[in-house]
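There are structures below to look over.
There are two complexes below, and they share chain A, which is joined by chain B in the first and by chain C in the second.
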Partner chain A sequence: MRVWYRNNRSAVAGAAFVLPALAVIGVFFLYPALMSFRYSFTNWNGISPDFDYVGWDNFRYVLQSPQFKQLIWNTLFLIGLYVPVLNIISMLLAVLIYDVRRFAGMYKVIIYLPNIFSMVVVGIIWKVIYNPVFGPVALVLEKLGKESWAQDWLGQTATVMPAMSLSIVWYSVGFYLMIYLGGLSTIPPDIYESASIEGITWFQRLRYLTFPLLSHAITINIVVSAIGILTIFDLPFVLTGGGPGFASQTMAISIYIYAFKSMQQGSAMALAVILTLVTTAITLGLLRLLNRREAAHE
Partner chain B sequence: MNKVRGEGRLQKPQVATNVILALVALFYLLPLWYALNNAFKYAESISVQPFWLTKHSFTFENIARAYEQLHFKTAFFNSALILALSLLLLVTLGSLAAYGVILPNNRAIRRLYTFFVALISVPPQITIVPLLLLLKRLDLVNSFLGVAFVYAGMYLPFVIFLYAGFMRSIPKEIVESASIDGCGPLKTYIHIYMPLLKTITGIVLVIRGVSIWNDLLVPLIVLNKNAMFTLPLQLYIFSSSKVGQWDLVFGGTVLVCLPITVFFLAFQKSFVKGVMAGSLKG
Partner chain C sequence: MVSVKKACSAALALSLLAVPLYGCGNDNGGGTAASNTKNDAGKGTSGNAGTNAPANAPADTSADEKVTLTVSMMSSDWVDAAQEIVDQFMAKYPNIKVDFSQVPNDTNAEYLQPKAAANSLPDFMTIDGGTFGAQLADTGLIADLKDSEAGKNTIDGLKPVFTSSSGKLFGIAGGLSTTLIYYNKKLFDQAGIKELPKNWDEFLAACEQLKSRDITPLIVAGADGTVNNTVWSNGFSNNIVGKDPDALKKLADGTFDFNTPAYADIYAKFKTLYDKGYLIKGVTSLQYSQANDEFLQGKAAMSFSGIWLAGTMMAAGFGTGVMLPPWNDKGQDLVPVVATETGFAVAEGKHKDAAMKFLDFIVEGDGYYIYQNKRGNIPMIKSPDAGKLKIDPAISSYVDDLKTYAKSGPLWFEVLPSEVQASLVQTFQRVLTGELTPEGAAKFTQDTYLQAVKK
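This part shows the complex of A and B:
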């Protein structure tokens, strides 16, 4: 009887403790998220109390809009190029920093530094760096006698995505570097010690020891960076605003523009629903794929 | 281990590694130095001498003018108030909910926890349009509390996940001996768990604090009164209206970076450690 009372009491207490957080998440996250799913099938304009169900019209409109192809292309570009490049760079830097004895702390802090600043700050700085007339890149090229190489990096359809990605990589590497360093620090030192006695090369060590031992950190980073790049808003918004035209529009920017610039709330929510489904699908897909690979290594 | 690394064969790669890393560090410092040194320069000197500062070109005027035009003092206090309210909600509600989850209790709450964790990967963009209507109905538009609730809804799943993970690692014996001493669940939470979880609270404060302090999207959507704007929002508006006036833009940028830089330098060690520990769990 007393045991039953204790268990029951802690269940009641548990429910009471969870309740406030559940209420806040429910009201300010879950409810609006579910409403987006519902409203994406209506012609609701975001303000008026009246609306009609319009079936798949919003989705059809978004999918058939001229910028949707560009949006898909940009998303594929970021997932297919940004995610691997970012992870390779962060991992290599982590391996290098792990190897140096002096200055390791300094390198860590410097590379992490952009992360403490607002993406607004980072966007402004890179916008000036890329400025074709005034920016330092243009100036250096001029000094080298290569004026013709100077481009309006952010103003041209052909260069805007790589230029934008470079600044996002510059910003994000520090964060992923930290996770890889955290992963490296969990590797028992005697593994490396005995390997160095065996006389293996640096590349062999990377390929046969570090990679497999880091597989968990790699999984985390690939999933987190994929979600991160799909939902990133502030930095591209400040840097390009999605332009020129739709050339650098990401899903997150496109949703914002539909909702608050062109006032097409239905389209905004339809695209937000698509983004949520894509993010979930990619997260689950990557997790399955990577878990299988992780298991194969064990 | 250090001994092995220090031995002859590995000495040479050390030099090469340091050269590579120094170049990378330069690639990181140059853009920041570019903004920093130009914030203290007359507009005419910026285009000619973008990378160094001389006595001749030095001025404090950009900073002073940007301070005025950014409404820096107001924006700083707005940002600070939003930060304090949001973190208070996140830490109290988050740790309490995590404690509720780890208490020996029924399956329903465990299921709820799985659901919380799944919410971490839902993009916040899905909420924005209905959220605005909701805030209007609750009279929370142009309200710092409204902004704080939005952040709480967005980040609580992550915070609960973080707390629950670490609470599970606290030995059951400590809790049992407390309950024998007559501590109820709430008392155990306040007197046993929270003091033991100071590090986690620190991680939550740092990781979520930085993202809230620097965020643009939520204030951009929820606030529309100039007097309530936060630092990133003011800077965004300021820099878009001053295109070409780089002296002012850099002045404003450096000014906005100042508080967080001071904070970072003061708590550098725990900051980096916190990010590492937090991201490993997250």
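This part shows the complex of A and C:
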């Protein structure tokens, strides 16, 4: 036994460090996920102790529901708009703050500030901002004599998604900015010094030095922001409740409605399983793409 | 090596992505002190979600025993009164400590459902009449109040929607409820409206008169259950219940047909108000509290709401009047909504005795008058102390008027299956935004109803 321990001491120590974390993940993440998978094949209503297994009925029901196409469209819209816009804005802000340096701390605090609020609070703030009767946007437009420009930003199918995206970007840009700043701080300054001696412009430096050297941070941010937007719930729920109709409904909101308003836990779990598969597929696809890009730069 | 790395990444990603599922997984796995309680739901069982009804759990009976009573109430409209009730109750029963949680409006069932699944309902809670509470009662999670003092003293007409299919009285209504339109007397005077509209055509004419004076005619919160309480419930009462005496029976039997012109007209009326510019800007995304604020700030002449807000609305400085929502066509008798307010329920469990004391306190004791005085609503008990009640004379007169109508209709949550309830607000929004025609909305509601019946 002693001999075995002496030979495997480092493995045992490693396992001892990892096991508590694995136990937490197993009990609080994997087990509930597996149970969710199980319930996705039942007609459990969330209250009754009894339920029946209904095969793939819940999956069929969810996929054939009138809102499913809209959910897919909303998901693609958020990924297509939110992920690039958020990353471009946060990266440019990071580069500017890193270059300017003066008052950098203050800028970081201001931009990061929304991130310390609860998403619910942010939702309420933006709900007031967008209110077409007494919100600040409406008041400013009224003062400018452009009262007719004030819209029900959250109540129209054409404006709700961009309006919601703006509030999400406002909330989260600080977080991604910090990761980009972290990435920028790892770039050796002498590279920039050599480049400036060569006489390259600010844009050339951005294009040929900063972007390639930030590729790890870009990968992390794109993947994390894609997962974040695919599973987002709090802010859209408070801001729009998924409306008008299904126009801003995310998959997570739809899961909530199935589970707790419509009392169809089975359908909710089925959609949760679908969301997990979609998120996994998109994440793996992005990782593959970005890893190839990173390898090309290296 | 690369494939191992990829596999690890995939495994890690899957672990992280399990988060959204985690929030939805409800399985308490049994094993509670009361887990041996038998449930007699009587359905064919292929599995068990682990909810164990503590119906036979021992109740606390000792007057000196220290008890912490968990209380949840949907009391956003009467938050100060709720706290005062809790404080006075604790002063009266020093051995009972109340752990009070306030539940936001319109989220009571969402708040209670996971707790029911986890067998951890609050000892005392607010609850609406209708299917959700009935299921909790039939599962043995909440107490049958039929033989309680509060149950005996409640007006009989308010009991049916709080009675489950197995005959359990699962809640005591918080009052008699009805929907009404509050109007700003000052703005009505400005627009020269002397007589209140008595039918739909007259109502449209009044709206036009207000609009022609640059006054926004009507506020309705279109982003939450308020639109169901008001536009749907009044439309259903006048268009359906008023014309088909068996409508509610058919609805319960699963044989009702939503896909009819009469039902589509419920959506069409709201669309008409929207298209003619009679609704306040932003109605599609407007929520209950914002709508109330906007009316109190004088942003519109009328607010379509309910008697539950009488205490707040009648106190407005501009002078508030009330009128029956004239959702009836010309020549048709008006069918008002007469229903129940959100009520009170007691969980089965070891604190049932203490919770029953709280129920008596809030339904019949001093707590009731704190609650009623804040809300200004109509009592649900048979013989309240008239000297302690606080009801605005306009509301009293309104309720007297209600008694003169031969027929009345229900509130939406009392009669609709949860699947239809869950989709109603979105359906109204889709009609307003033009995504669905009223006829299309009626068909969509019928499809949802049929799915619910099938399930």
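By definition in this document, the second predicted complex is superposed on the first by the 274 of 298 C-alpha atoms of A that agree within 3 Å, B and C clash if a C-alpha of one lies under 4 Å from a C-alpha of the other, contacts with A are read in each partner's own complex, and residues count from 1 in each chain.
Note that in this section a contact is a pair of C-beta atoms (placed from the backbone, for glycine too) under 8 Å apart; a residue touches a chain by one contact, two chains touch by 3 or more.
Everything numeric here is computed off the predicted structure, so don't read it as measured data.
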Inset, instruction - Quick one: classify A:43 as touching chain B (first), chain C (second), both or neither. - result: second
Tell me which partner A:208 touches in the superposition: chain B (first), chain C (second), both or neither. neither
First (chain B), second (chain C), both or neither: which does A:261 touch?
second
In this superposition, the partner of chain A with more touched residues, chain B or chain C, is B
Name the contact category of A:152: first (chain B only), second (chain C only), both, or neither.
second
Exercise for the section: Check the residue A:56 against both partner chains and state whether it touches chain B (first), chain C (second), both, or neither. Expected result: neither
Q. With the two structures laid over each other on chain A, which partner does A:24 touch: chain B (first), chain C (second), both, or neither?
A. first
Of the partners chain B and chain C, which touch A:175 in the superposed model: first, second, both, neither?
first
Check: Touching A:101 in the superposition: chain B (first), chain C (second), both, neither?
Finding: first
Next on the checklist: If we overlay the two complexes on their shared chain A, which of chain B and chain C does A:136 touch? Say first, second, both or neither.
Outcome noted: first
The shared contact residues of chain A with chain B and chain C are 25, 28-33, 35-37, 39, 46-47, 134, 227, 231, 233, 252, 255-256, 259-260, 265, 268-269, 272-273, 275-276, 279-280, 283
Contacts from chain C onto chain A in the complex sit at residues 9-10, 13-22, 24-27, 39, 41, 43-53, 109-110, 113-114, 116-117, 132, 135-136, 139, 141, 222-224, 280-287, 290, 294, 297, 299, 418-419, 421-423, 425-427, 429-430, 432-433, 435-436, 444, 451, 455
Per the touch rule above, chain B residues touching chain A in the complex are 1-2, 4-6, 10, 13-14, 17-18, 20-21, 24-25, 27-29, 31-32, 34-35, 47, 50-51, 89, 93-94, 96-97, 99-101, 103-106, 108-109, 112, 116, 119, 121-134, 149-150, 152-154, 156-157, 160, 184-186, 189, 210, 213-217, 221, 231-232, 235-236, 239, 246, 249-250, 253, 256-257, 260-261, 264, 268, 271-272, 275-277, 279-280, 282
Listed in rising order, chain A residues that touch chain C in their complex are 25, 28-33, 35-37, 39, 42-53, 61, 66-67, 127, 130-134, 150, 152-157, 160, 227, 231, 233, 240-247, 252, 255-265, 268-269, 272-273, 275-276, 279-280, 283-284, 287
Touching chain B in the complex, chain A uses residues 7, 9-11, 13-22, 24-25, 27-33, 35-37, 39, 46-47, 93, 96-97, 99-101, 103, 106-121, 124-126, 128-129, 134, 136, 139, 170, 175, 178-179, 181-183, 189, 192-193, 196, 202, 217, 220, 224, 227, 230-231, 233-234, 237-238, 251-252, 255-256, 259-260, 265, 268-269, 272-273, 275-276, 279-280, 283
